[in-house]
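Here chain A shows up in two complexes: once beside chain B, once beside chain C.
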Partner chain A sequence: MYDIKAMYEASSVADAVKLRQQHPEAVILAGGSDVLIKIREGKLAGREMISIYGLDELRGVHLEEDGTLVIGSLTSFSHITADPLIQEHIGVLGEAVDMVGGPQIRAIGTIGGNTCNGVTSADSASTLFAWDAQIELTGPDGVRILPIAQFYLGAGKTDIRPGEIQTSIRIPKKSYEGYKGFYIKYGMRRAMEIATTGCSVNVKLSDDKKTLEDLRIGFGVAAPVPIRAVKTEEKFRKAALSADLADQIGEAVLEDVTPRDSWRASKDLRLHLCQTLAKDAFCEAVKRSGGELA
Partner chain B sequence: MKIGQSIPRVDSYDKATGRTKYTDDLCDQNALVAKILHANVAHAIVKSVDTSEAEDMPGVIGVFTCFDVPECTFPTAGHPWSTVESHQDVMDRHLLTKHVRYYGDDVAAVVAEDEVSAVRALEKIHVEYEVLPFVLDVQEAMKDGAPQLHERFKNNILAHTDIRRGNLAEAIKEPGLTRIEGWYDTPTVQHCHIENACCYAYMENGRVNVVASTQIPHITRRCIGQALGIDWGMVRLVKPYIGGGFGDKQDALYEPLCAWLSMQVGGRLVKLECTREETFQNCRVRHAIRYHLISWVRKDGTLVGRKLECYSNQGAYASHGHGVCAKGMNAVPQIYPCPNIECDSWTVFTNRQVAGAMRGYGMPQVTFALESHVDDICQALGLDPLEYRRKTTMPLGYVDAFSKNELYSDSFNQTLDVGSAYIEYEKKRKEYSHQTGRFRRGVGLSVFWYNTAVWPISLETSACRMVMNQDGSIQLQVGETEIGQGADTAFAQMAAETLGISIDKVHVVSCQDTDVTPYGTGAYASRQTYAAGMAVRGCAEAFKQHILEVAFPYTRMQPYLMDIVDDQIIRTTDGRVLMSLGDLAKQKLYDLENCEHLTMEKTAQLKTNAYSFGCGFAEVEVDLEMCQVKVLKLINVHDAGTLVNPALARAQVQGGMSMGLGYALSEKMLYDEKTGRLLNGNLLDYKLSTTMDHPHLEARFVQNAEPTSAYGTKALGEPPVLPVAPAVRNAILQATGVGLDELPMRPHLLYEKFKEAHLI
Partner chain C sequence: MSNRQFKMVTCTINGKERTAMVDVRASLTDMLRNDYSLTSVKKGCEVGECGACAVIIDGECFNSCIYMAIWADGKNITTLEGLTGPKGELSDLQQAFVDETAIQCGFCTPGFILEAETILQKGKIYTDDELRKLLSGHLCRCTGYDNILRAVRKTMYRRQGLPIPPEEDGEER
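== the complex of A and B ==
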């Protein structure tokens, strides 16, 4: 039995925006796999809800004319994993969200909900960071698009303004064309798990596969919000592939990450994992790009 | 032969299709809902409770506090009652407590029209505490000056027992001995049965009726009577199908409180269902036990002396108490006989969750300590762990002086043969002996020991009733409960075997109702097929004899010339079918001159127990940098005597191995040192292993029929958990050279230990 004060079901995006304005304190409900748990825990008990789950217009993946890959915010994890466009262009996102919870959660949980929660451990987030994704929000003043790094304001806080809902996640063509990625989720078990640390790396190699044209490293649970290893990326962009490159990258990310001590894992362990995960994910991404670290 | 057939479970169709009704399914939807206010401090005296605001909340029927409950104390352990006072379970519980002894202890309760109203009212109860210092660690709790939980147990020591044999001080003076010492630590873990603890209660004709998810209906009825201070006959307890128990439900949980709350609201129907978080925080857990082992051995491995200390963390209340720790201690000198021993065990109260029974009852803990220690001995002396165990474990023909248990067959060697062949022990041991690099493999093993039932520690009894229908089929009733393990199916096979009827003619009454079910102590230990088997056989033998006597006037044959075979009364001299059992039952029931309702009831009292042994092997791959262990191969080999149903036996072993894997690698209840609060009491943060974490679980058997058992059976319910953690630990030891002396062997521990060993 859930303690819900009232439930408003949106009939369209415009209706959702109107409901958001009418009930500014209401909680937005998509798949519910996080919100219902918070109600049960008492954190969101007795609140009003605006359900946007029925808005099919926010479901699905398509390519815009300029090659931008658009993922509707209500698209479920299992849909993303199985989607041919995702598999063709950013397969690693499909792999990453296939590590969320278990099959039932992946069928109901949405990528919009996963990002709007603002948690650092979200399996989609580090990969979306690595792909330079953009967040589309629709509100009373129309549509607003911003880079995902700006969308995250702090732990559990995202830049959803009064009257707004997130409507899609966009990945421009220049972000994915020529890139291959790899995500490693480190958990204490292989399913039904929240990442202890997660690392998503994508690389673009030169035509001769000898040089690292570009490198993007996204981390979850390495800071209060998902982050990019900016210093490491700058340091190794244009580096020649070599046998010890992965080790160097692993060591370098320690300058970028700021994990904390908690009862779930010590800071030392997380630092060690950041290093190992970056190294391993980088190796796999290079392998997928046809490069060799010899 | 009905014994030894892998027939489908008698309850499989309904369970697979969702038709089976559990406690919550049976409860009327209009039931009032009870919710408990749990203390948010670890140790305190309740000064006052202000309920006025809560009472005014909409939907609230009543608010009850620790100042309202009966003064009588009661025990909760699922042991048979003892008429000998010194052997009775400790009575240290009130329905709600004025002395909070752990974070989450029960202070007040709300009865409301629905769950939301009840939860909202809980927030409006205001409790004033006098906060006391608390202690979580078992050895800290024993020190002078530590916070005291129960007045009459000085230094928080619930019990201390010891074993002294030979002369250890003299024996270890022998020149040339090697001394091996280790501390081994096991964690607090929870059973994680699928169905949370759940019960409901109502009054009918002045008696209180309780329907509960319990393993021990008759015992729980008695505990309710004791808790409420009413005659035991004024309580009726009904146990429907239950979604697992693993020992957690071998305790009176909230049944007494629920019964009392119903009585406070005029006997109205009240439901009390634990959330998963309450199941973690407020039901029972496995004892965390710390062991200190020192062994003195000769160069060839001969054990000259051994010292063992066991420190068992009981948590806040006595529950099953010292029996759990003592069982492990008593096993050690039996598994590896040694002429000079000094063993001590202490069970100690701390401000943590209450530890009770859990599958294995102290043996998974001590098996980890002992079998880790044995590999440490082998490593110190350069001996092969498999050969060492073959030479030093309990020999064939061993008789234990206390229990009179006898090892009738060479179970250790026979099961070790099967396990080592499956894992290719010798080949891999050699192959993995010199490794370098990030990924390292190893193989390891553990033996295990188990007692089937609880005789002679306490009463062992089971009673069985059989009632024949007009078609020659029977209803079978025992007090031993189906808790998911397949007991009903085994009982059906046993009854069919002895009576000479087909299995589909045996209708096992799965539900126990203390008003009608013959007395039995329930499902615990690994006693179902052994203890209830004796009652079923005793009843079936007597029933058959009675039926053949009843058949005389209809067949004109002497009873000793007849038998029942395949549902027919036959003449044994020539095999001729005389009449069907169905015809006999009909004739007799409707006989105008001399009718009779065909029934039989027998009580079995056990004066034996049975050893049940075996071993486990594991092959692992360790990723040093990721601090992760992957179990590549895992096998358990059991000598559980005759298998009644091999398919169910295999499933039982696989379930236990799964529990053992979680114990080995991931499960641990974590506590906040500052507040005493349980940090990870939910299924997300408590890392129960999932199907994705499991390798193939190989279960094999050696079947030496147990001579003292009605159907040749002995323990299989609990032992499967035992060898997994030590086998995995010893495999990691071979792979990395690092002996991990703490469970679970999760990445946190591996990271620390690998760093210490300069592996990363």
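== the complex of A and C ==
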């Protein structure tokens, strides 16, 4: 039995919005793999809950006419990994969320919950940052879409306004077309683990595979929220592929990241990881794109 | 509690349609154990880490301790009791767990067997490393996992009608 003050079950997105307005103090319950544990720990004990788990309209992946890939916020990690559209267009997201927790956690955990809880270690977040994902929120005044980087306001804090729920994650065609990516999660054990640091790199090569047309580097646990290595990306966009390019990129990301000491790992280890993971993920992404770093 | 909240939950459990009035604060573990006496569903960590409470819901394995009972409405649920025959005969997978000594205290066993059942129902042959990953959401403090892996592997080959190959040399772990 959970210590819950009251449970409101939403029957539709519109109903969820209404419940959010009627019960502004209530916690949104999606898959529950974070919220229910926080109730057990006492942090969210005795609160009202709005359960949106039953909203099947928020499950599944589809392509819009303009090629935008839309992932319903309640789509579970296991379903994202198994989805043919994800595998075809942004396979690295399926690989990244296949590293969350263990199999049963991936069956219940949702991509919406993983982003809405605002934690920097979320395995989906660094990859969604690397894909320039957009967050769709539905509220009393309709739908609002914003870039994922603006959605994160601070550690554990996201821009979900009163009356709103997150309804989908959108990846525009221009963000994924021609790009290949790779995600590396560094953890102390292989399952049921939170990333010590994670890095997701996307690259787009020129037609002759000699030049880096574009590069996007997303990090988890390299700062209080997931981040992009903006300075590094700027510096190496249009760079020619060369043998020491990966090393240079690894060096450069140290200017972008600001990890801290925590009980999980020291700042020094995380800095080392940022450098190494960026370098390794970049090499793999180039390989997947058919390029050579000779 | 003065104003307790209840919901009527109807679902299929081990092939039979069942209905119960459940407290909205109950987990699925609570409902299966208290309302239906299905005590193979173990209360372990109760925070979704150990896998002892795992059940199959619509073909996928979930930790019932972090699944609200009210979400079970309309779902098809299988617990370990659902794998045995009408007279309590063990399934091939359960028998393999016995034969391979994949059970010691038995607390993790229902979860492991249900997870293995969902894996084997895919009808594929997995490598040992793949099986380890697929079984990684369950903790066993007795067996050291090798016998469990052996039991699952053996049943996987048998169900495909294939000879059981010699064990792979596991990498250091």
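Just so it is clear, the second predicted complex is superposed on the first by the 294 of 294 C-alpha atoms of A that agree within 3 Å, B and C clash if a C-alpha of one lies under 4 Å from a C-alpha of the other, contacts with A are read in each partner's own complex, and residues count from 1 in each chain.
The rule is simple: contacts are C-beta pairs under 8 Å (C-beta built on N, C-alpha and C of every residue); 3 or more make two chains touch, one makes a residue touch a chain.
All figures in this text were calculated on a predicted structure; none of them were measured in a lab.
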- Does the superposition put A:33 against chain B (first), chain C (second), both, or neither? second
- Query: Touch check for A:1: first (chain B), second (chain C), both, or neither?
  - Reply: both
- Considering only touches as defined above, state whether A:254 meets chain B (first), chain C (second), both or neither. neither
- Task: Could you say whether A:190 touches chain B, chain C, both of them, or neither, answering first, second, both or neither?
- Result: both
- Message: I'd like to know which partner A:108 touches here: chain B for first, chain C for second, both or neither.
- Response: second
- Task: Determine, under the contact definition given at the top, whether A:264 touches first (chain B), second (chain C), both, or neither.
- Result: first
- Should A:54 be classified as contacting the first partner (chain B), the second (chain C), both, or neither? second
- Considering only the touch criterion stated at the top, classify A:272 as touching first (chain B), second (chain C), both, or neither. first
- Message: Taking the superposition on A as described, I'd like to know which of chain B and chain C A:78 touches: first, second, both or neither.
- Response: second
- Task: Using the superposition described at the top, list the residues of chain A that contact chain B and also contact chain C.
- Result: 1-3, 102, 190-192
- Sort out for me which residues of chain B touch chain A in the complex. 114-116, 119-120, 625-627, 666, 670, 672, 679-680, 683-685, 687-693, 746-748, 751, 760
- chain A touches which residues of chain C in the complex? 5, 7, 23-27, 30, 46-49, 51, 54, 60-63, 66-68, 70-71, 115, 133-138
- Item | Partner chain B, residues of chain A touching it in the complex | 1-3, 42, 45-46, 102, 186, 188-194, 196, 263-266, 268-269, 272-273, 276
- Residue ranges of chain A touching chain C (in the complex, touch as defined): 1-4, 6-7, 9, 29, 32-33, 36-37, 40, 51, 53-54, 78, 101-105, 107-108, 190-192
